[in-house]
Each structure stands twice: as C-alpha cells, then as structure tokens.
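Structures are listed in the sections that come next.
Both complexes shown next keep chain A, but they swap its partner, so chain B is in the first and chain C is in the second.
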Partner chain A sequence: MKKYMGNKLAIFLFILPALAIFLIFDFIPILQVFAYSFTQWNGLTTPTFTGLENYFRLFQDRVFVTSNKNQLIFAILITVYQMLFATIFAITISDAKMKGRKFLRVAYFIPVILSVTVVCQLWSAILSGQGLLNKLFEAFGSDYTQNWLGDRYKAIYVIAFVNAWQWMGYQFALIVAGIKSISTDYYEAARIDGCTNAGAHRHITIPLLAETYKFCLVISLTGGIKAFTEMNILTGGGPNKSTYTLTYMMYNAAFKKSEYGYGLAAATVMVLECMIVMLVINFIFRDKDQRKEEERSRRKRHAD
Partner chain B sequence: MKKKVLSSLICLSMCATMLFGCGNAASEQTTTQDQAPAAETTAAAETPAAEAAETTEATGEKVTLSIYTQYADDDTKVPYDYAVEQLAEAYPNVELNLIVQAQDDGQTLKTLAATGQLPDIYQASTDLINTFRSSNQIMVLNDVAESTGFLEKLYDANKDLAYAEDGNIYAFPFSGQEYVLWYYNKALFAEYNLEVPQTYDDLLNCINVFKENGIVPLALFGQEGWNTAAAFDVIATRYNAGGIKALDEGSASVTDQAYVDAANTMEQLVAAGLYQSDATTTNYDQASQMFLAGEAAMFINGQWYIEDATKALGENVDWMFYPAADAASYEAGKAAFSGGGSASGFAVNPDSPNAALAAEVAEFITEKYCEAKVMYRHNPLVALDTGKEPDSEYPAMMKKLSDTLPSITSTTKFTWGLTNSTFNDAIQSESQGLVSGQFSAAEFIENMADSMQ
Partner chain C sequence: MPTKPSKSILHYIFVAFCWLYAAFSLYPLIWMLFYSFKNNQEIFVTNPFGFPWPLHYENYITAWTKYDVPLYFLNSLIVSIGTVVITIFCALLFSYATSRMIWKGRHFTRLFLGLGMFIPVQAIMIPVVKVVQGFHLTGTRWSLIFPYVAINLAFACMVYYGFFRGIPRELEEAACMDGATIYQTFFQIIEPLVRPATVTLVIYIFLNAWNEFILANVLVGSIPTLKTLPLGVLFFQGEFTTDWGGMGATMVIASFPAILVYSFFSEQVENAMTIGGAVKG
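Up next is the complex of A and B:
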C-alpha cells in the first residue's frame, strides 16, 4: 500500500475523473453564478455588466429579509428536531433487550425513501383547511382549527416540521451506524465502574459520535438554508411570499421574471451563507490535536 | 512492478472511457451546431412557406414536427385531437410529436431555448414572446400570416392580438377576447331568498347569510396567482375601468384613489368572509369541486368554465355583473369587464430544420383549434372567424355573454397577457396577501408601490 501511495502518477490519474467532474459540474458553475450575479441577464441573450446593482436591490428587497428569517427558522427547527429524535430513537433501538427493534428501525426510515412530492401531498391533505388535523380537532369538540399552511407567520414552522419528519430517518440511520461502530468494551467497563445506562450514553456514546453529529449538523443546516421543494409544493411560497427562502427568490427571479442576474445574486448570498455555516461547524468540531497545534503556534507567536 | 502496470492500465482505461463519453457528446454537439446555420439557410431559402409544404408532399418524405402545447383537460385536449385529425388529412406527410406543456411559468421552454432545443412549434405567452424576441428564437410570421390568409380570418376585435409591441406577428393566437366571469349558484341564492348582489352592501348581506348556513360564499383557487389577481381586478374595474391593465401599462398608479378604494373594499370583503379561510392554499380542482357540489355559492373563473359549469349544474348556474359600490356604479360598470385577449398563441422555432413548414402547420393548427372550440366546446370567443357552428346549442350563459359583448366598452388583461413581469409578479403575490386576510390594504398599496419603483 505504501509503495502504491508513493506512485504520484497513479494517485493523480485516480483522482482526475472525480476532480474533473467536480470542476466541470460544481466549481465552474459556482464561479459562473458569482460572475453572472453582477449582470443583467434574461438567461438567453448576452449579459450586461451592472456591477453591484443586483446586490443593492437584493438587500433593499423586503422579501430578502423574510427569506433569511425563514431559512434561519427552518434550519434551526429541522436540526433540533432531527438530531434530538434521531439520537433518542437510535439509542433506544440499540438496546439489545428492546422488543420490536427491527420494526421500529424500518418504520423510522420509511419516510426517507418516499418522494418529497408524495410526502408533501400527504401532509397537504392532513393540514388543509378541511384536512384530517382540523377534522380531528372538530371531532374532539375543540375549536383549535387552524389555517396551517396559509398563516403568514405559522406556515414556515409547519413546513419545517414536514421536512424534519421526512428526513429524521436519515440521521437516525447515520447515528445507529455510529453507535454500532463503538466497541462494547467501553460500556462493560462503564458498567463495572457503576455507571448507569443513561450515564454511559452521555459519557461514551455521544462524545464518540462527534464526527457523525458534525455530518448531521452540516446536512441539516445547509439543507435548511437551501430549502425550496416543500415550500413550492405546500404553499407556493405564499401567502404573499411569506414562506420564501433565498432559493425561492432565485427561482422566482430567474424563471418567472427572467431576471437571472438578480436571481443569481440571491443564489450567491445563499452559497456564501452555506460556506459560513460549514466554516463555523468545522471550527466547533476541530479535533483536539488541531486545537493543541493552534495553541502551540499561538504561544510560539507570543514568545517571538 | 506488475501492480504498477495494472494500476496504470486501470487508470488509462478509466480516462479513455471518460474521454470516449465526452467525445461522443462533443461530436453530437458539433453536428447540431453545424446543422443550425444550414437549417437557417434552408428555412430562409424555402420561403414562402407553401413551397416547403409542396416540396415535402412531392417527395413523400415523412416529416415529424415537435409541438409544445397544453394537453390537460377537455378544453385543451379536444382542440388538439381535432387539429391532429385534420392535419392527417391536409398534410399526410406531417406528423406531430406532442410535448405536453408544463404549468411552470415557461420554465421548461426557457430552458429548452437556452440549450438550443426549442420544439418546432410551441405555445407562447406574451412574456415568452418578448423574451424570445430578444434572443431571436421566435420566428417572424408576417409573411406566413399573409400568404395563408390568416389575417383575413381574424375577427376585427382580435386584430391587435396578432401583433407584438414592435408591430410584427410572432404567434398565431387562437383565443379571442376572454372574460373573467363571476359565477353563482342560482339554486343556493333562491334557497336562501337572496337577490343577485349589485352593491357591496348586498354582497356583504349574502356573505352573512351563506356563512350562517355553512356555505362558502365564494370559492377561490388562490394557490394560483392569476385567480387572486382576477379577484382584485373585478373590484378594481369598478373604480377604474382600466383595472390591472392600466397599472401594467403605467397609465395609472396603485396609489391612485381608485386602487386604494379597491384595496379597502377587498380587505372589507375578506374580513367579512367572502372567500374560504384557506383560499390561498386551495387549488383549482378543490375550489371548482366546492362550487359544483353546492358547497360554495360563487366562483370566479374565465368564460371557458361555462361548459363545465353547465354540464355539472345545468340551469342552476349563471354569471352576474360584478357588484359595485353603489347602484349607479353597478350600472356603469356593466360595460367594463376584467380579462381580455393577449398576443399569445402558436409560435415557431426559426432554427427548426423545417421552420417554413412548421410555420404553415402552426397556422393550420390555430385555425383548427378555433374550429374545435366553436364546434365542440361551444365557445365562440375565438380569434378567427371559422364559419363553423356548434354541434349543439350554446349554453345559456354563453348566449347571455354573446348578447352582452356588443355593449362591452373596456377590458383589462389576464395575468398571462401582462407585459411588465415585475408588476405581474407583484400583483399575483400581493393580491394573494389581500385574499389571505393577513395583509392590510395599506400594506398592499405600499408593497405594490415599492415593487414598481
């Protein structure tokens, strides 16, 4: 293996296809998004350079504020819901004594394999004005019937719940896999030391799942920032754009108003937001060695 | 050493596979690019269009033209099927390859245009015509319109619909002037001893009675922005006959007293419960079902709904003139309708290898669409004078509309006929806000004014 890893040409040739695909389909298009965000362009003709005009317009757009607020609510809600429930369920079914583990494992994962459209149609039927949820309230004599998807303030929470419900199973699967990779020796040692089940999970399971949680956090938060499909199907971004996100702004500007330059300015801001989130997560989850190294170099700088 | 050789061989085979794949795509692209100028030359050389058709017929060569058009309900399926049937007789060598139009605000068509894959014939709205004009992806049809006699067949009232802002013809329109109608269930009004409302006070009374009896006063499909815009327009036209058309053209401002009054009226009606509480998340099927099942007393839709409404409700359905602030305004407003025609219809891809033939076929299909709409959909409001008669008597509502037509002095526009895309986007979303009852009239005016700045 060492010999093989020393072959630079082989390494380069093996990396090349993936690198080429990444450059052609990801990196270059992202650069193009940045470039076109400084232009006025209808997607078909030659773009005209307009400098920062699209950005000035974007920052003054009231929908921009609403979109960012919605993304924040959406990202936080789905992250908390998915990570919390995925952890609880994963730990629960990891207990060998628990009955019905196999059934629950499949049940929690089923929404993930369903199409987003199917899930949204299902929840749309449940949450509509004459839907199942309101009918249930009526059946129990409660007057707590709501316009779940049509409320300008509450709809975003409802949409976030639908997303969190569907994708919780994905994080659940990741955490279950993470728990399985932890050696049982740690738990036995903890039990011998008199640690309770909950204590063992708190002091062993969760710290050893740091890398898994980092990945879960990245997909939840960036997924929240990029949210679009659920809004598009459940509310169409309404009422009056109150469930818009930056992706929806981009879609609306580009495909409804043929203002690709403006839409791509919204997309640029969204990409930057995702990058900032990634950087913050990476900073929080730096490993100990990296932290020590940083500390050492800081001391060295002070000493110099 | 063996391992090195093996790994290098694997790497090389991977690279070769990748290059082969890309190479094929590149060569295909080159072929398409090479063909494009040739196609243009062919299209240009073969004009007038008739020559192209004759050549095709003479050679007996089978030509398949791709067509991107609506094919969703009876109103779109019946005319298309009829046109295909007629085409097989008139142009035996021409076949149509239908690509069903997606309800996506032209997104699919714009993507096809951006990638050079526009169909030979496509249904284009005003917005698409304007966009494709700037990128030269829509054929100028002036000569074809003249040579096929299309212009002579156009009703005088629809002459303007054929021409774009620059005076050229880019699409053959098949729809004539269309109208937003305020439908109502006669049986429900009779059951609760209600007169057809003429003023907003009458309407408020109807709302109260219907709500007390568990009936939705007016079912709106507010998930579709055009329907909420139409709901605002039927009120706005009572204060300014120009309605949303005047705002689109810039001849009026949303801060004008007429529009402020219209927004306030709509806010008041929404607060009283004119629309169902989840109107903004209700789609067409749901709203229509409510109306046809007698769960809703009124409905706002285009005149194309007459056929379906009559089929389901028979004599129990009719349309009313839009209510107004007072009796005098109501009488005066009878001549001003919401809706109108638009410069949209079948357009042709100028880069098509059979552009000239496609243009001729597009004109032929347009004519057949009009015929089918008159004969089988009982809709005389088409762009062309086809000389055809309906296969059965016109429904009573259509007769009433036909009788009213001569007295109509002004129309506005449907959202797909609006030319200012910023205004179009704003009016659809802001009117939805008003319908939701969660945005005030003041917010509506302020946001609309902001958008238009």
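Up next is the complex of A and C:
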C-alpha cells in the first residue's frame, strides 16, 4: 500500500502542471520584482545593477509621499465604511423574523459580482459633470453641482467610495457567514439572564466574530495599499498626479516611461507594506488570544 | 437569534436603514439598465432618472454589431472557460499528490504553492508581461489563460486540500486490492467525491476570470482582437463618449453572465466568494 501511494512517477506527473504554471507565471515574477528593483532597466536591454539608487530616488519623489497618503486614505475609508455598514446590516438581517431578508442579501451582494470596470464606468457616468448626481442636485434646485472627480483634494475620497460601495457586500456576506456559525445557545442564555438584543450583540456577536473581522481588516487594508484599478479607470492618476498610488507609480514608470527598475522599486515597497500590515493585524489578534490564555492560567493559579 | 416581544425604536431605524441602503446599492445598476434603453436626449434632458419609454432596444443591436461586443464576449468566454478547466485539472492533481500520496517534501511543496495567496497581482504585472513575451505567447489567448491559472491555483489547492483530507484511507486500499492503477483510483473513485468543492471553485474561478482587469489590461490591452469584456467596456472611457445608450447596453451585456450565474447559484456564489475567509486570514 505504501508503495502504491508512493508511486514516484504518478506523484511527479500530478504535481508537475500546477507547480510549473505557478513557478513560471506567479513565483518567478515576484522574485523578479525584487531583483530588478535594484537595477536600471528599460524593459528591452539587459538590466544594469545600480544598488539602492532606485529606492533613494523613490523616497525623494514627491509622488511617493502622495501615493502613500492616498493609500492610507483609501484603506481607512473603505475599512470603516465596509465594516461599519456590513456589521449593521448583517446583525439586523440575522433576525429570522425580518421580512425581505433574501432580497436585501441579493441587493448588497450584486455589485460584488460585477466587473470592476463596469462599476467604475457606471460611477464615472454618475459622477461626471453631466452625470446623474449633478442632475439630482439640479432636480432639487441645489447648485452644489461639480465635477466630482476633477478636484485634486476630493478625488481620492470619491474613488475610495466607489471601491467601498462595490465591496461592502463582500464583507457583509463574510459577517453573515460568521454570525451563522455562532451557536444560538449563547443568545438563549443571554435572554434568560435578561440581556437586551443590543446587549447580546455587543457582548456575544461582535467578540465571537474576531476571526471574521481579522480577515475583513486584512482584505480592506491591503486592498487600500494595492489600490490601482479605480485610479486607472476613473482619473488616470490625476488631476495633477493627486490620485497616484504605488501600483499606479509602477504602472506609469514602466509602461509610460520605460523606467522598469524604478517602477519595480515602487512595487517592492507596496508588497512590503502589505506584508507589514498582515503581520501587524495577525500580531494584534494573536495578542488578544494569548492575553486571554494568560489571564485564564493566572486565575487558575489563584483558585489553587 | 435573540428575539424579544417588544422591539425598540432603534431596531426599526436599522431596518429602515437596511432598505435605504439596498436602494442605494441597486439603483445605480437599475439606472444603468434603464439608460441602456434610452437615447442621449432622454439620458441628459428629458428623462434622466426614470423608466425608459419607448424602449430603444436598438442600442443593443448597435453594441452587438458596431462595437465588437461579440468578439469581446467570445474572448472572455474562451479565456474564462480555459482558465477554469486548467486550474481545476492542475489543482485536483496537485492537491491529491500533496494530501494523500506519501512522499518526502509533500508538506513543503504544498506550503510553497500556498505562497501564491500572498502574491499581489498588482505587483507582478510587469514581469508577467515579460514572461509571456519570453514564451512567445503574446497575441494568443494563452497569454491570459496561463497567468490566470497561476493566480487562482493557490486558492483552489487550499480548498481541495481540505476536502481530500476528509476522505477515508480505506477507499484507496480497496481500490489497490482490486488491482486499479493509481490513475484509475484517482479519476474514478476519488475525484467524484470532491465534486462539491469543484462546483464551488468553478463558480469562483469563472467569476474571477470573467471580471479580471489588471492583467488583461497590460497583456492584451493594446491588441483589439484579444480584448475581453472588461477591457471592451473601457472603449467608452471618459466624457468624450457620444453614444451613451450603446455604452449602457455593452455594460449590461458584460454583466449579464455573472448575474445569470449568481441568480441560479446565489448560495454557492456567496459561499464560493467567502470561502476565502476561512483560508486566507
């Protein structure tokens, strides 16, 4: 049996296709990102090694600061918007007696399954000078009409909103799934103890969703750091480079200016930022578990 | 769930808010559907908000005949189906070998492929373009299919791994006794047992590939004959567009398959999309 399940040829044939495709089209590329970020490369000739020069140039670039600021705004805005609304809706809908739950779930989730380009195109039609939003203001007789994506101080918030609008339903579905997995016994016990609905959610639902929230945080914070598509479609990084992010810097440097090495340095910083955020979130949440564990063992000792 | 006989005012505020937000979530899409049936005059002046009447269904004919929509549609379909088939095939074999077969380094190999979950697509777009050129795939649909397979593999393998672990060893022992080869055992006995996972993954990967933009943009963005629908939609980019109805119709056509899949398999789609929650965190 061991020989049967250890058939060398079969193992080789089974892992080969997946491993080859993964190596060639995913793993080696990310290594190349790191490696070529230390070179000057126009994409055609052989890259020449220049050490940390790209990074020095990057850290002095004013667009680098703007990009990081934009990523931060983007990340915070989508995190707050999505997690807040998703939590409110998921908890309200978890009430089995509520009418139209199925419809609401579909309504929230539909934007998630649409292509990001359709969503961006749609919102660009809504937000443009002649668009739906300005028409709405006109209809109410307000003169608050403007080109929503044309203002260098507001554009990034508008872009982040479009992303938050599309993906709120995703976090909503995650939290709904999380709530479903909580045993109803807890709520039964809480009710017997005379706990109110709000109290039960505050002390049972939200703490037990820690794992779900951790995941929500990871995807929305790293989503902010990786932001690119919305900028690319809605503003093209403008007006006046005010909606750049690191990914957009890379895209622009490589495909518009043929400065591949410089672009890859920006990409490397972006990947590192993602990793740091993931590590920090894991640390914060693990810390809580550990603290609980420590607390418990301390109490045990006292009891003895 | 907690239910008390008397509901607080707060509860009704939340319920009202839920419905308001649902309208906010749906109305832009309904508006898109509406304006795909209007002409420019109606969109901008006479009827920007409401139901379109008379129906200008000729927008759809224009989109279908004038804007290469059938070509984009076909490209999207071929690329998505190709991605699904190859990803599922590779992931099935790989996960079987790493979860049930016995060899040195199987854990390492599995975890190595799992690294794919942490590689952002945004970061690798430049090298992927170079790799695709290096293999002389530029100008073919393979230039999209292979990278799509690569970025979906890690997740698919992770899901299959969990399923394969739950199958009892006796099945393979019995098959071995009966003289089946390892290939027969896998394809005839084991593979049918993980069909539920396959269904979930097919939906997930199909939607991913159908909607993918970042890699498609740099790989085939400049090749008109290979553009997929997400790129085709951008043909109408900016405010310089003159035919808004045609743009709306194209967007509706581009969204239609995803919405169709969702309306038939809404539960599975939500499960498929959120299954990452269990693995990725």
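General observations
Definition applied: the second predicted complex is superposed on the first by the 258 of 304 C-alpha atoms of A that agree within 3 Å, B and C clash if a C-alpha of one lies under 4 Å from a C-alpha of the other, contacts with A are read in each partner's own complex, and residues count from 1 in each chain.
Just so it is clear, contacts are C-beta pairs under 8 Å (C-beta built on N, C-alpha and C of every residue); 3 or more make two chains touch, one makes a residue touch a chain.
Owing to the predicted nature of the structure, the values given are computational and were not obtained by experimental measurement.
Of the two partners chain B and chain C, it is C that touches the larger number of chain A residues. In the overlay built on the shared chain, the residue A:104 is in contact with chain C alone; chain B does not reach it.
Contact with both chain B and chain C is seen for A:129 once the two complexes are overlaid on the shared chain.
Looking at the shared chain after the overlay, A:27 reaches chain C, while chain B stays out of its contact range. In the superposed pair of complexes, A:275 makes contact with chain C only, with no contact to chain B.
Contacts of A:10 after superposition on the shared chain: both chain B and chain C are touched. Of the two partner chains, neither chain B nor chain C is touched by A:86. By the touch criterion defined above, A:149 reaches chain B but does not reach chain C. By the touch criterion stated above, A:18 is placed in contact with chain C alone, chain B being left untouched. Within the superposed three-chain model, A:209 lies out of touch with both chain B and chain C [touch as defined at top]. On chain A, the patch touched by chain B and the patch touched by chain C overlap at residues 4, 7, 10, 13-14, 17, 43, 124, 128-130, 255. By the touch criterion given at the top, residues 1-4, 7-8, 10-11, 14-15, 17-19, 21-23, 25-26, 28-29, 31-32, 35, 44, 48-49, 86, 89-91, 93-94, 96-98, 100-103, 109, 113, 115-116, 118-120, 122-128, 130-131, 135, 146-147, 149-151, 153-154, 157, 172-173, 176, 182-183, 207, 210-211, 213-214, 217-218, 229-231, 233-234, 236-239, 244, 247, 251, 254-255, 258-259, 261-262, 266, 269-271, 273-274, 276-277, 280-281 of chain C touch chain A in their complex. Residues of chain A that touch chain B in their complex: 3-4, 7, 9-10, 13-14, 16-17, 20, 42-45, 62, 124, 128-130, 147, 149-152, 234-242, 252, 255-259.
In the complex of the two chains, the chain B residues touching chain A come out as 3-4, 7-8, 11-12, 14-15, 18, 104-107, 110, 113-114, 127, 131-132, 134-135, 137, 222-223, 276-282, 286, 421-422, 424-425, 429-430, 432-433, 435-436, 438-439, 447, 450.
Taken in their complex, chain A has these residues touching chain C: 1-2, 4-8, 10-11, 13-15, 17-19, 21-22, 24-30, 32-33, 36, 43, 85, 88-89, 91-98, 100, 103-118, 121-126, 128-130, 132, 135-136, 139, 165, 168-170, 173-174, 177-178, 184, 187, 190-191, 195-198, 200-201, 211-212, 214-215, 218-219, 222, 226, 228-229, 232-233, 247, 250-251, 254-255, 260, 263-264, 267-268, 270-271, 274-275, 278.
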